[in-house]
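Chains: A, B, C and D, in written order; residue numbering restarts at 1 for each.
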């Protein structure tokens, strides 16, 4: 039997998930809800789903799973509502900008015993997922140094920056989750620094656009993360892990495999620019993992606790940037 | 308005095209026909199309385009029937194993003035297509040497080999079409040689599994093609063009971007093994090109003449292998 | 006329410099001095130079340039003696382990007006030198993030570690100099952390073998350095600079260009293991730069001030490791 | 005891070998001879060797090995003279432009029982040598297809072309020797074709500048070679061997490891342009191999027979180009 999905949020990311649900042979998109009628109706028309309110959605017996892709400030409420209604919930990151609110939300989820999975999509990128799997199989021995380079093609508008919670909560949070995923241990300290080098207006808005963080675990493993809001050559997403027996790394995909050689040298294409293109397979595999949770009772990963920890690390990095000293967790 | 498609042939390649037609926002799969009822019905059930005979399909007004993916010996007949019925026709390669039959078929197509496009899918691989476009824009000046390496992961069963028309008509024909695509001139001579090194049974069946061909055009451009029926490291499909101002090349895609470094060196993944995975985007773009033909009156490429010429080159290569001397065209 | 060289120190690194002096068409090795008679005599016999005391060497008119490759604790004294004797001096890094001693030494050098060049050889690696030149020419706009990965193939014996001044002064000092070279601005803060993950005995000796440092300049440029005393796949020395208009990077050289592809994937050789092999060309070009100083009056770079600043950064990193907070310079 | 060398020929390639002999710890350059006094005296002055006639050289007891680097038309005579005088002989390729003259020369060498080694330097390129060694160790099973790409940076003057014996004898002969080295079997047929695409004056001189050859052995292994007299991006020298268990390849070395990434893509340096730079290590290792022949009685490889076979293949390729059909050997 197909898993019936209710989708909350019909914006760009909601549409992406809707396409994946429709294409998935184990899933069916039953209803779509959005704060605005128009995008919900357009998405329903395209996919054959119904439009409904969230309340109606949660009452339906043919909806087993709720996909939360609405605005961040509604996430925790919808997660709780979904859990109370006995639905499995998938929620885009972050659960909330406030770690306390996340904690109270997770308590509700726990109380109602429903599975919750959080959308740290990069864990499902086939390259990063393969790297982590090989790491966990011991291919390079013990992890010693994790290096994460993450650079967006271009900065968002300052109006977005102002509502974003800052680079560490908006952008680096993905890398902080990846750091936990790869280190296999909780970080016990984080030092962060940064500058506004890409756009002075970002600095005037109180944020940075260029940042470095250093994490350390209790056993001494270290992780360095660097972020930039600009990369002229594409969406730059690279991971390298140095271990006791070797190194594993995973990188970017060029737009094509074409290379030209002239007297100016050998030139390859830029790397893929658009995050929806780069992480297309990640979103598809993420959905499959969630369907395994709903269908087979697999323990969700990343779960609400992962969402909480990433947010706590982002908060700590933000504090370290302000105070100039490492924060101990 | 959506272009209505009738699909003839519901086997593996027909199913692939059906999926692409369904996913294409400009196309609609109206009817499916197959010599056997079961696969046609299964495909119709999955896609929402009807099952019909070819005769019914060709009578329908809501079918503007016919997609021929049936067995090779039926291609020419269905092309003719489609053209007579006033339909645009897309046909999987080859039109026919006999160049004379291709010629008579093309005459019918010409008489009824309908567009015909032939499924040399590799021209639509985004990497090869980008290479050819940049070549035609003069990025490396005049073409001088075209090098095509094409190796299958593993040989087909001998029973297939026996019906295949031989390596040149079954496998190298793709590379011969690519050679014409890249040389930008017709070859005037071809020399081919080969051996059965992969599987002695292939030699016993009168065929080769390892082959090299050398083509030359009137202006002196040269092309070398090498084929093997086996490649342990994936489906190996590479093109390199040496020109007066430089070199352009396009290659394979590794299964992931993960690389491991140990005392044994640096190891990357094998390249993609399966032709449906490697050429997934090629099939999608090929369909779009055909829809442009139907919808906008774009001149089809590759067309029936390209199908004829590739077959003629494959015949000539087969003759060269037998006689031991180059064949002049 | 050939520049006459006096070489102080006939150990491994002195022998390397002697070979380069002999092979250099602008230089002549006149005398060799060493605390022990045997290595000096062996080197003299091999190269045709004389053996002399440092005092005799400095009195000779046919010695214009002194090359100091003796033990670290003698560097500052020999630099001063050379400068007093009116010789141009090249000294292996570091000038001294004590920044105060470096300062007093540089005062003597300044007083006698003789050129002093310091052996930060990596600046002369053809790859890193080309990267820095292209950076300074503005090829990628303004520098924003410098990333330096530096990993030795295997750790030195603990007896060496104990006398080394610690990882930051012994190993990372090269990367700290490279950071200054590439940032084009002085760092104003440095944060360092590390662990003993490679060999517990290194931790027991009070040092680390795995370390990360983060530097920041007044204008907000950042640099991250990571070090490990172990790399199974060779001597790993990579630089990447992210700028406002793009990225420049330079990497390792594999032992050969051979690559093998099998069902296990594509495997390239390890990278060169031995620092004398990896930096062979750097030592040669470094000598040429020093000969330009002596012969043409080119301003030496890196000079004594560079030696002082690298040592000051290494001291600050060592302090940061101990205190757990960044050090402001 | 050092092996005493007499060098015949003080031109560019003679100077290179002289430098290598001087730098080699097992060799001593005793005398230099040249048809012209000036280059011989200049080389002697630089290296400390004496100038002598060939007759004097061959009479000296302190000369055990003769290095022939004179003009091609003198090779066979000097080889014979050296052998008669009881010297081990190293001769630059080719022994002679006439296969019959080579045969008579080899008879004299055989009669006097002296070792003869021929300067097919590419066999000693560390990359190609490693590839061949791994091939012979069975790393990729049985050889099936050898692909050799060889392109010079720019064509020689037509005056040189006219005296060269044509592309196959002047340029492809290196690749033909490499084909034998890698195939591990003698070719039984060769087909060659070509054009003058780089410079029409080369065509007017009766030669080609763009060529392809296909070789086949008795057991069915095949080899394709392509040559061009022009490559804008450097001296292009690549080998790829496809075997029953995988593929081995070896390629070019870029001028530096620096790579720049911008919105135009990722650009690496051209590959090394100059053959003396590209094959610097090959010449050094070739000399060591010859010293092993003289000092330890190692059987010389490549030897006179290899010189004869490469010349015979070059003759056959030239004939195939003229007749348009394969030549059987």
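Just so it is clear, a residue touches a chain if its C-beta (ideal position, glycine included) is under 8 Å from a C-beta of that chain, and two chains touch if they have at least 3 such contacts.
Just so you know, these numbers come straight off a predicted model, no measurement behind them.
Chain pair B-D has a twin interface among A-C, C-D or A-D; that twin, with over half of the contact pairs alike by residue number, is A-C.
When the interfaces A-C and A-B are ranked by C-beta pairs in contact, the top one is A-C. Centre-to-centre separation of subunit B and subunit C, using mean CA positions: 58 Å. Annotation: 40 Å between the Cα-based centres of subunit A and subunit B. Across the assembly, subunit B contributes residues 232-233, 245-247, 261-263 that each touch 2 or more other chains. By the touch criterion stated above, subunit A contacts subunit B in their complex at residues 126-127, 130-131, 134, 139-140, 245-253, 256-263.
Residues of subunit B that touch subunit C in their complex: 232-233, 254, 261-270.
Partner subunit D is touched in their complex by these residues of subunit B: 142, 144-145, 147, 149, 151, 189, 191, 193-198, 210-212, 214, 216, 219-222, 224, 226, 228, 230-233, 236, 242, 244-247, 324-326.
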